[in-house]
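I've put the structures underneath this note.
First chain A sits with chain B, and in the next complex the same chain sits with chain C.
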Partner chain A sequence: MPMEALLSVLTGGLVLGSLYALMATGLAVVWTTLGIFNFAHGAFIAVGAYVAWQISSADAIGAGFVIGLVGAVVVLFVIGVIAHFLLVQPFERKPNLVLLSVVTTLAGATIFENLLIVGWGARPKQIAPMLEGDLHLGEVSISQNEAIIIVLVLFILALVGFFLRRSRTGRAMRAVAQNREAAQLMGLDVPKLFGMAFGLSAALAGLAGVFIGSIRFINPSMGADPLLKALIVVIFGGVARFTSPIYAAFIAGMVEAFAIYYVGLYWAPAVLFALMIVVLVIKPEGLFGKHERSV
Partner chain B sequence: MAAGTSIGLFGPNGHGKTTLLMTISGIIDPWRGDILFEGERLNREGERKSQLSRNINYDVIRRRRMDPKKVARAGLIHVSQGNTLYPEMTIAETLAIAPIAANGRVEETESLDKVYSLFPKLYERQDQKARFLSGGERQMLSVSAALMAAPKLLLLDEPTLGLSPKLRLELAEAIRAIKADGVPLLVVDQDVEFLESLIDTLYLFDHGRISRRIEKEDLPSYEEIMSLLFEGAS
Partner chain C sequence: MRYDPPFHKTNGLVPIIVVAIGLILFPFVFTDTFSRHLLVLVFVYAMVAVSWDLTLGFGGLVNFAHVAMFACGIYAYAILAKTLGVSPWLAIPAAGVVAMILAVAITLPILRLDGIYVILVTLAFSQLLYQVVISQSDLTGGTVGMVTLPSLKLFGYKFIKDGKIGYYFTGLLLLAASVTVIYWVIRSRIGRAIVALRDHKYYAQSRGVSEARTRIYAMAISAFISGVAGGFYGSYVRVASPDAFGIGFLTIVLSILLVGGVGSLWGPVIAAFVITLLAESLANLGPWREILIAILIILIMVFYPGGLWAAVQELREIVDVRRSALTAWFNRRRYKGRRQELLNVEEKYIETDHGTIAVADSGGDKPVLLCLHGNSSSKEVFQYQFESYRDRFRVIAYDLPGHGVSTNADPETSYNVAAYADAAEQILEQLEASEPIVIGWSLGGYVGLELAARANVKVRGLVITGTSPLNIVPDDFGAGYNADSHMILAGKHFLSPTETKNFVTSAVAPLTEESAYLHKAMPRTDGRARLYMITKINVTDWPRQARMLREGKIPFAIMNGPEDPFLNHQYIADWPYGNIWTGKPNDIPGGLHTPFFNKPKEFNAEFDRFLKEACGF
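Right, the complex of A and B next:
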């Protein structure tokens, strides 16, 4: 593999990894807190992209990328809280919550996708990138937009980690995730914390949607593939620590980038799935996992 | 319970003592009856209909009668049996979020100093995750977290269960100190001697009901209590 190609693959892997990290962290926040997989996470990615497009695009409100990004985060947080209230909270005390939430969140995903088609149509759109032009670092060339995405994702994930570890609300969210009954006995507002976890997860999905939308075209079903990748990353890495899916995301991003180079775009997901199966056969709780799930 | 007094619940296993405590603290929704504390009713009015709960999603059709958050924030803090709290959180983190239930009733740093002076082991290991603690230390952490919540009534469900004799004595001493500090207790335990040192009144619990009330000065021996319970059952 020529050096130029290797560096190009590595930077591509970094971009993919950072996007997967953002998506997988959102998914993992809900999984570790409520114990369910949110299948509407992909739809949240698409909704985030459309909200940002509506606010930022010159064809719509035209307020610029940064305001579009902030607007998408705020709107998606609210949508996440509402989605939790409607799709999950009614079943929270049911023993078959996991199964029920698969059905309700899948239903939610379909509703959101259809609402996007009704509101914006099925034709692809694109969010104007944050920065134009390329960045040259020696032999490595990367678009400025992708470079800033990598930096922003790392900063945002550090911020989320700090929130979960250091703030009282973040610690309360972790407490609820680890022992719901004890948290209730200690007076924590469990439904509110669950709602916040869902809101945080949706906000991260929205953010991922905005970043994806500034690299690729957006369409109402754009969240399906990222949802699948985020699922792979969360299962592949495990959720023993907040950082587990993040490490797994960068590994998955690199594997996919190399797979695209060597076996082509269409075979890359198969390579990822094969790797996930191999890892799970050897370590069923995930690459960085432990027996207990927690944050 | 009279204000400021401590009571004990004693009875055979499986007769509903833990269920009663879980109901008081709102984890289990009561079918009927009220839970009153300092003149305030902690449950919503009405009864829970058995047919509704069996056939439809009770939580959606009828609101729950109890809210555990409301109970805890009213000052009833329940240390449940074998409670490990939050396994992946450190002692310091666990104690940092415990005052949420206190609703600002006390100064947090003052409570923390008190807790660490009561359980110096926890101070030494404050950066240790709860899952790495021994059974006794976990129980100390649970009681400490409950104290940080500034309880007006502390509900202890078999606090010394499964502990080594040394740890049992250590924890019992700490609980006596908590009682001496003016925190009323509702203690469930199988050790009559331990209960005697803490309570003003003992209630015998038999098949889900209180079968007898015994004042501290009339407290009989373990054997006599057992025979009273067997009589009650027959």
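Right, the complex of A and C next:
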């Protein structure tokens, strides 16, 4: 493998990894706090991209990328809170919550996707990237947009990590995740914290949507593939710690980048999938997992 | 405990025959192609949904690769029949086999997993299959798919001709076969293992059920049916498109399953009709159709999680309650003479908190003998006691609430042993009858024990027959009775005619002229009385009854038939009674579950002895 190719594969892996980290962290936040898997996460990604497009694109409001990004985060947080209230809250005390929430979040995903088709049509669009042009670091050449995405993602994840570990609300969320009953006895407002966790997760999905939309095209069903990848990452890494899905995301990103180089675009998901199966068979709680769930 | 009568002896027989005749006649009534096309789609969706239910509903294994198995069936058919030129009639079952092999391949990684991990892996696997299909464009046509697949024909007759009538009947036949297979599987050993693992995994495993093997069987069987459905669908629409892997198709099938009711066989079949026709009628709404269906799914999940099957059951309950009430009303008039002939007393109707109770009271200022009948029977079972004891005693018997010609009552409050005892107290009070000697039979035995234990009424003597005293419920319930199919019938809500006949035959007597009236009593009984007797079993204070028996202040005797098929005689003999007449349970020679009816002379002789020795008459 020539040096140039290796470096471009590595940077490609880094970009993929950072996007996966963003999406997987969002999924993991909901999974660890509410104990459910949110299948509307992919739809949130698409909605985030469309909101950002609507705000930032010159064809629509044209307020610029940064406002679009912030708008997407705010709107998605609200959508996440509402989605939690409508799709998950009613079943919180049911014994088969896992299956019920899979079904309702899938239904929610269908609703969001089709609303996007109703609102914006099925034709692909593109969000104008933050920065044009390439960045040259010695041998490596990476588009400035991708570089800033990597940096932003790491910054945002650090922020989320800080929020969960240091802030009062974040710690309350983790307390609820660890022991709901005890947290409730301590006077924490569990439904509100659940709603906030869902909103936070949706906001992260929205961010991921904006970043993906600035690299690739956006369309109403753009979330399906990222959702699948995020799902693989979460299973692969486990959710024992806040950082486990992040490490796993970068590993998965690298594996995928190398797989694309060696076996081609179509077989790369198969390689990732095989990796996930192997991990599951050997260590069902994930690569970095302990046998329990907590943020 | 195992109870699985052949299908033709269950209540399902008549509805199935009606529906089958309706579906067979349908294409001759509606000769347009479109209505037949819709029903072919219904058949395919129903096959996929019903087979999915085997893993998702009955197995509790949330297998999201099921629809991918259907898609793989389509592609297997396409490749076999078009590319390789295999006969479509071979390609369809082969599609099932391909799906089955793939399903086994998915099952291997999920053998150790549970809950959400199963969902994730199966979903990822189906996405993987999708990726493989669109990447192998030489073989599968990539994202475009394959078109002009061979269609079905037999001896030169094309099934598409005559308004698709050939496809209609092939689809109907395949659906019938699938439902039969699933029905057979869930009642087989494998099916019971599947359900046992869902309900209590560790207990099932400790009883020797292999989780891995059972999962593989369940996945393989359900995938085979799904694959066959895919093959048939491929031959019908003649297109293999990667859209079949998509979330849209999954949502439709999942909504069929959920709207129908997860874990029921017929619910998804019914829902396949409802959802397919609904989806078709909304077809011109574009994306709004998907949105409306998704909203419908959420609303059903929130407000009606049992689905259509639960609705059917509720409807059935309403109809059955009306039917039993009407039968009671009718019997009250029609068979009044017959009842008087049997008991030779005037029937009275007494208003209680548990409805209007029909009472037979031989009257007079004599000691009171209260007779309490059992589950799904009526007071006429005591005809020989009325005959023998009316001279010396004031014999009183009444129909329990929901039984005989008493009215139906509120199941929540009136269909349990404590409520029956309460009804007895109210009746005795209104009749101004006090200090009864009580004969309690079966369920009535518990009523008698409860009446004595409550001590609101002074019971001068108590005889129970066909009843095992209980202390710790439900453990003692399992120990006190032989665990056979009759125990299930005793608590079963809806009984088929065969079940009714079997139950009365072993609980009372075979159908003869003398027992004919008692055979009428069971179909009249409010089915909820049986159901609530079991579900509300903890309303009764069983330890209090046990305490009362151990204290032994009331003269007490047990008179059972040694041939009683229900009782565990050893359990009854070993029970630590404080004061039981003759020191042990008494056998009525040759008696069955109803010794006072089967062997009235022997029973009455023994009862006379009890009256004399224990109660001083």
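Details
The definition used in the following text is that the second predicted complex is superposed on the first by the 295 of 295 C-alpha atoms of A that agree within 3 Å, B and C clash if a C-alpha of one lies under 4 Å from a C-alpha of the other, contacts with A are read in each partner's own complex, and residues count from 1 in each chain.
Keep this in mind: a contact is a pair of C-beta atoms (placed from the backbone, for glycine too) under 8 Å apart; a residue touches a chain by one contact, two chains touch by 3 or more.
What you see is a predicted model; the values in this text were computed from it and never measured.
After alignment on the shared chain A, the placement of chain B and chain C results in a side-by-side fit free of clashes.
In the superposition on chain A, no contact is made by A:I215 with either chain B or chain C. Across the overlaid complexes, the C-alpha centre of chain A sees chain B and chain C at an angle of 60°, to the nearest 10.
In the superposed model, A:M254 lies in contact with neither chain B nor chain C. In the superposed model, A:P284 makes contact with chain C only, not with chain B. Looking at the superposed arrangement, the partner reaching more residues of chain A, out of chain B and chain C, is C. In the superposed model, A:I148 lies in contact with neither chain B nor chain C. In the superposition on chain A, A:P90 contacts both chain B and chain C.
Using the contact criterion defined above for the overlaid structures, shared-chain residue A:Q178 touches chain B, although it does not reach chain C. Of the two partner chains placed around the shared chain by superposition, neither chain B nor chain C is touched by A:L131. Minimum Cα-Cα distance between chain B and chain C in the superposed model: 6 Å. Residues common to the contacts of chain A with chain B and with chain C across the two structures: 90-91, 94. Within the complex formed with chain C, the chain A residues making contact are 31, 36-37, 86-87, 90-91, 94, 98-100, 102-104, 106-111, 113-115, 117-118, 224, 228, 231-232, 234-235, 264, 266-267, 269-270, 273, 276-277, 280-281, 284. Residues 25-27, 57, 59-60, 68-69, 72-73, 77-80, 83-89, 93-94, 96-98, 100-101, 103, 131, 142, 145-146, 149 of chain B are the ones that touch chain A when the two sit in their complex. By the touch rule above, chain C contacts chain A in their complex via residues 62, 109, 112-113, 115-117, 119-121, 123-125, 127-128, 131-132, 134-135, 247-248, 250-251, 254, 258, 286-288, 290-291, 293-295, 297-298, 301-302, 305. On the chain A side of its complex with chain B, the touching residues are 90-94, 168, 171-172, 174-175, 178-179, 181-190, 292, 294-295.
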